[in-house]
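Mind having a look at this structure? Questions to follow.
Letters A, B and C name the chains as they come in the text, with residue numbers starting at 1 for each one.
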Amino acid sequence: MNDDISARLSERGLELPDATAPNFAYEATTQWGSLLFVSGQIPRRDGVIDFTGSMDDGRDMDEGIRAAELCALNVLAHVENAVGLERVDRLLKVNGYVASAPDFFRQPVVIDGASKLFQAVLGERGKHARTALGVGMLPANSLVEVEAVFALLA
Amino acid sequence: MNDDISARLSERGLELPDATAPNFAYEATTQWGSLLFVSGQIPRRDGVIDFTGSMDDGRDMDEGIRAAELCALNVLAHVENAVGLERVDRLLKVNGYVASAPDFFRQPVVIDGASKLFQAVLGERGKHARTALGVGMLPANSLVEVEAVFALLA
Amino acid sequence: MNDDISARLSERGLELPDATAPNFAYEATTQWGSLLFVSGQIPRRDGVIDFTGSMDDGRDMDEGIRAAELCALNVLAHVENAVGLERVDRLLKVNGYVASAPDFFRQPVVIDGASKLFQAVLGERGKHARTALGVGMLPANSLVEVEAVFALLA
């Protein structure tokens, strides 16, 4: 990790979680030329999923936002582990999924937790296209899941 | 926009909505070389979401189809705004999401509203791979959401 | 299909389904340079959807797994039909969707049916990044849907 990125993380009191290998039959990332695909990340740290259940109108929005941040940190941890964050040329696309009750429609506010974190850490290179969706449930009862596609410096 | 594309739009009585910047912390599009990613678009025109709620067996299919068309027009508006529609070499991939009651399974008919519009406007260059999904709810209670990946002419 | 891939399929008693053209207004695949996008595939063989409904805690996990395998076989059938499986350099990304009751959270176990099949048939080239999601319902009441992005040999 270069000094700029390290500094931005520690300024915000952020720490990358361990980039743990998936428990299932897939890879955390695949690289093809300058494209890096990162598998869907759930809000896990030290083997524990910190945010479960689903968002509804009664639940504190901040829980969803912090869940999305932790998903984004896991994405960044896998990029760091695979190629090094200093290799990122541009974050091209983020898809964010929020486990939601039928009456919850503020998925964009939740996924902004991930989007703002990417930009805080990567600066201009963290600006990205995005799709935010609500779903009824997520793997392992996770509250949020985030996947991403990056372009790498040659 | 070149004359061909303008003509096809006006022949069908279609008009691109304004390509409004996202209200949240992401970009409408990202470009990397010849690839253009377009963020998920909801059925909005002039700041108003025209189609909300979810599809069920009792709801007129035509509402879903027109919602999908409006999402597709927003996708095209952002392509026009970012690079110009005449730069499109090929629409590579469309993902379409339909807010659906548990007993509604005709998402492909709804998303065909977007697929047919892309081909009406872009001709052969509008032929694309696609995934259609049903979800319980969408951001801002939108009825449909559509995202796309384009290849651009060099 | 080259002999290696044929042998791996028949060793496991697998047979590719027919690569049938979509019933709706899209293409089964799009190719752009060395990238191949494959549309979302449902668990269909000979025109019949073999696995419908949704997963819940009471349903045999094996049904979900076999549904995911059949989706993956349909993905491979379309790659074979479009460019030939021997052209695959790397399976870059798989997204797998499982129609799920609200209390079902083992989508990764289900989608492993697809992931393991890709690797059984393609070997190291079948290793991929992945996102697994639960959704309330899928087109045509399908139990599982799988889409993929491949890199091709030049």
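The rule is simple: a contact is a pair of C-beta atoms (placed from the backbone, for glycine too) under 8 Å apart; a residue touches a chain by one contact, two chains touch by 3 or more.
Quick caveat, the model's predicted, so the values are computed rather than measured.
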Handout entry: Superposing rotation of chain A relative to chain C, computed on C-alpha atoms, to nearest 5°
Key = 120
Practice task
Compare the two sides of the chain B and chain C interface and say whether they are made mostly of the same residue numbers, over half shared, or of different ones.
Solution key: different
Problem - Between chain C and chain B, distance of the C-alpha-averaged centres to the nearest whole Å - result: 25
Completion exercise
Multi-partner residues in chain B (2 or more other chains touched) are 135-136
Handout entry: Complex interface listing, chain A residues touching chain B
Key = 89-94, 100, 102-109, 111-112, 115-116, 119, 127-136, 149, 151
Problem - chain B residues within the chain A interface of the complex - result: 22-30, 32-33, 35, 37-40, 95, 97, 135-141, 145, 147
